[in-house]
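Some structures are shown below for you to check.
One chain, chain A, links the two complexes that follow: it is found with chain B in the first and with chain C in the second.
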Partner chain A sequence: MAKIKLPAPPSNPLVSPKRPGKKYGPSGPLEHAEEGAVSAVGWIDERTSLSGGLRWMMFRKVPKGTNWFYTLGSSTMFAFLSQAVTGVFLAMYYDPSATRAYQSIQFINNEVFLGEFVHAMHRWGSSVMVILIFLHMGRTFFFGAYKYPRELNWVIGVALLVMTMTMSFSGYLLPFDQRSYWATIVGVNINGTGPLVGPYLSEFLRAGPYFGATTLSRFYAIHMLLVPGAIAALMGFHLYLVAKLGTTAPPWIRAKAPEALREEKIPGDS
Partner chain B sequence: MNKKQKEQYLRDYGTLKAQGKPFFPYAVAKDSAMAVIVMIVIITMSILLGAELGPKADPTSTTYTPRPEWYFFFLFELLRVIKPPALVPLATIGVPTICLILLFLLPFYDRGPERRPERRPIATTAGIFVVFAIGYLTYLGAAAGPPTEIDIPVPANVRTQGTTAVANFKAGEQVVAQSGCAACHKFGENGNSGPGPSLTRVGARLPAQAIQRTLINPTAPMPSFSSLSEESPKQFQQMVGFLAALK
Partner chain C sequence: MAERKEPKSKYTLDRQTPGAFEGETVTRRRVMVVAGQAAGGVAAAAFVLPALGFAMGPIFEKQDQPWQSVGKVDEFTDESYVPRTITLVEGIGDAGKSTVYIRKYNPDLDTEPRDEYNSYIAISTLCMHLGCPVRFTAAAQRFICPCHGGVYDIVGKVNGGPPVRPLDRFYTRLVNNAVLIGPRFSVNSELRRFSPRDPGEPLDGVGQYLYPSRPSMRKIQGT
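Moving on to the complex of A and B:
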């Protein structure tokens, strides 16, 4: 009977073959853990090819002269992330009904561990995010960074600005105290005077012709589902375009041809 | 930008980019440092300023101040700066809408190849003007007087009608003051001149009936006082009486 050669079983991870440059295979728990991590990353990458995208994102070059003004965009995103995290914790206790909203905020402030701190972080974080987004826009404007080929990214950025302001407006009602209630009524009325869509917009915001019980839950849905989702999606696209087109160099930095191309320099020429 | 300028830009940018540093770790380090600063600022503000809660929202209450968050002050103040009532829709939505459209379309009408701020005098001047305008309007909004203070001398015709008329006038003045009408209307020396018209002599322009109708069914953005007229008709009548007596 002929001997059938069976294929070798998958190698035992504890006696895996030695790696090039090493005398033995992994030995000791640390090296095995390292080996395991490498193979897990390899497993995911084999199926998703994410490493190429990550390399493309992280190891792209930023042009010469990039300075601290170029951190304003990422810090706006960071402020948004902070708002998202603190917002999730507030949503765990908040109750968007006209009768219980105020009590639930009181409960957050007085009873929940670090409740008032997280509430305050969310409240003042919104101011910080608005300031940062305006500074980021100012930098883009004064550096002429919205020009070819980045026009589309400017348009997305303005949409993100409008959405950030919508977040502030819709969030202002949620504590449901006197200030937020009446300021929102006046704000919605101001919206109502707008051309064409104005009356429809304010009726949509109020969930009817008058401020009612459903208005608060509508503002809540806008504030924590509709607009943040749109912001996250547009922010992703904004970032993709930044990585694809590259960040601008400061406008006063002039491109100098690399040395190799300057060999034909005429002597005496500056 | 024409085709040649676009190519020139892409070439120059390619050179600058080739001479630059990789995003990771150089730009990431700066971004992370900035993120830490942002976090410190937010935490410091929340510890120092807290999240105080005002009194509970009360649709029937008359004591309130419609004041938006500070970064909406400039939009709110725009209503005060543009006075004539016919132009109010223009101020409320017209100007912001036009500004927003101009902002959206900026890269499509400013197509010049120049990027240095000092060589784009129109764009830079316009930008600085907008920054100062927003700053000034925000300052005006922050400095607006408290809207719950009205001090108007009792008119002569009320004084001649006896002490009850004067008492009613004073009571009405208090209701109007507590209702925050002065946030948007001027009363003699008090209140803000806009978005609403001055009420210093409203009684001479409108009879009491018309004032009452306006309070119940106002033109936007003024809030309606119909709930006050249902909850406490006496206070509402004092309010109407006070306004009608302003001549």
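Moving on to the complex of A and C:
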């Protein structure tokens, strides 16, 4: 016979045991609601062990001297999230066809409740994201936070910067007014000036030799599916490396030697 | 000298791999790993390759450029240009239209040899810097681009600014007293015909090789 002793099941699963440090179990609707929320979170955590990962991500040790400049990365991420959410809702009204795109933007701006506001958030938010990403890059550079062992994170950050620029370029066409149209013609032709591959690259972007029927939908697919998915994935990896490697102290913080070592005199040192 | 390490036998039996067979060189685990990865690769290629081909397809597809009438012969002179709107891409409204400047061949201006495709000269309005629309300014007898200051003379050769080659042209043809506009072609600074290139791609010297023509649009054979 097996000698394993299984713990006895709780006598009544509907009655919560009292919490440690409390005299009684939950009483009153508020405490019961709290108990319900706690047990729901507990149910998920028992099956996923997510809390460990979350604690690892959120409660990290940060070096002395950490300041507001260290929030530029998460600011960029929130700018991206804002772009993602407003973009999803703009997509509900937007029509990526060369003959109806402009009207659908007019409809969003003039008819839809809060349409102009959400459109403006997306439009101005794109500039905010580009500004923040450069500030974040500058912070990383001037604080020397790109050095070993964080070089790979710098490289990923540069890829994210390029993809953000791709988003700006592809999104610029979508309102399909005169400015969008000619700016995209010029932008695609700039791509075409690369030797050997340039002509094929511009043709790929236009889906043909001329700005055609599928150019707009191609830009739309790049703008809302291809690049944002890649940005989200790389951003996740970027964050993982930040949590794994930790952040750097600002360059003006000197490392303090432990007390015992400071007392020690180096031979030959006066 | 240190003793050299005995090289490992290629037979799993000699390496004392558990469950080894006589004469076996590759473990079954290894076969399963490689087969599993190969199956995954085949499955991924089965959707990635068609999707890539789908996205790249238009690069290799020949674009149809039908001849379209732009007016009767007596609507054009050999002195100055007359603007006409043509359709480059069907079905997308204004975005598929473009302006073309047309005049009669003028032996005093035009140096290129006459043939069946240039009794009327049709100049594209695509600026050869980066593709903004140029306008013919009659007072200056020049094509002027509003974007970055490209200036071309009356036959479309570069006078100043950033453009890298003369303005593109269209083949023209006469049918029943009507002027027809056909495919576009590019020219170098001597107005020699080339398969159409995008703006910003020079055609003089090494440029014609650095910026190859594409299968989607070619000039008419033998012109």
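Throughout what follows, the second predicted complex is superposed on the first by the 237 of 270 C-alpha atoms of A that agree within 3 Å, B and C clash if a C-alpha of one lies under 4 Å from a C-alpha of the other, contacts with A are read in each partner's own complex, and residues count from 1 in each chain.
Basically, a contact is a pair of C-beta atoms (placed from the backbone, for glycine too) under 8 Å apart; a residue touches a chain by one contact, two chains touch by 3 or more.
These numbers were taken from a predicted model, which means no experiment stands behind them.
**Q** Specify the outcome, clash or fit, for chain B and chain C once both structures are aligned onto chain A.
**A** clash
**Q** Have a look at where A:Y181 lands relative to chain B and chain C in the superposition and call it first, second, both or neither.
**A** Touch status of A:Y181: both partners.
**Q** By the touch definition at the top of the document, which applies to A:F204: first (chain B), second (chain C), both, or neither?
**A** A:F204 sits against chain C, while chain B stays out of touch.
**Q** Quick check for you: in the superposed arrangement, does A:M57 touch first (chain B), second (chain C), both or neither?
**A** Only chain B; A:M57 stays clear of chain C.
**Q** Give the label of whichever partner, chain B or chain C, reaches more residues of chain A.
**A** Partner touching more chain A residues in the overlay: B.
**Q** Tell me the contact category for A:Y94 with respect to chain B and chain C: first, second, both or neither.
**A** neither
**Q** Answer with first, second, both or neither: which of chain B and chain C does A:K147 touch in the superposed model?
**A** In the superposition, A:K147 touches chain B alone.
**Q** Once chain A of both complexes is superposed, is A:T214 in touch with chain B (first), chain C (second), both, or neither?
**A** Only chain C is touched by A:T214; chain B is not.
**Q** Just chain B (first), just chain C (second), both, or neither: which does A:T193 touch?
**A** both
**Q** Of the two partner chains, chain B (first) and chain C (second), which one does A:F80 touch, if any: first, second, both, or neither?
**A** Neither partner.
**Q** If you stack the two complexes on chain A, which partner ends up touching A:F117: first (chain B), second (chain C), both, or neither?
**A** So A:F117 only meets chain B here.
**Q** In the combined picture, which part of chain B sits where chain C already is, 7-15, 115-123, 133-141 or 223-231?
**A** 223-231
**Q** Of the residues on chain A, which ones does chain B touch that chain C also touches?
**A** Correct list for chain A: 176, 181-182, 185-186, 189-190, 192-193, 195, 198, 211.
**Q** Show me the residue ranges of chain B that touch chain A in the complex, using the header's touch definition.
**A** Interface residues on chain B, with respect to chain A: 1, 6, 9-13, 15-24, 26-28, 30-31, 33-35, 37-39, 41-43, 45-47, 49-51, 53-59, 61, 63-72, 79, 88-89, 92-94, 97, 100, 103-104, 106-108, 110-117, 120, 123-124, 127, 131, 180, 220-223.
**Q** Could you pull out which chain C residues touch chain A in their complex?
**A** It comes out as residues 55-56, 58-59, 61, 63, 88-93, 95-96, 130-133, 147, 196-201, 210-214, 216-217.
**Q** Would you pull the chain A residues touching chain B in the complex into a rising list?
**A** 57-66, 68, 70-72, 74-75, 78-79, 82, 102, 105-106, 109, 116-117, 119-128, 130-132, 138, 141-151, 154-155, 158-159, 162, 165, 168-169, 172, 175-183, 185-187, 189-195, 198, 211, 246-249, 251-258
**Q** Which of the residues in chain A end up touching chain C in this complex?
**A** Residues in contact with chain C: 98-99, 176, 181-182, 185-186, 188-190, 192-193, 195-196, 198-200, 202-204, 206-214.
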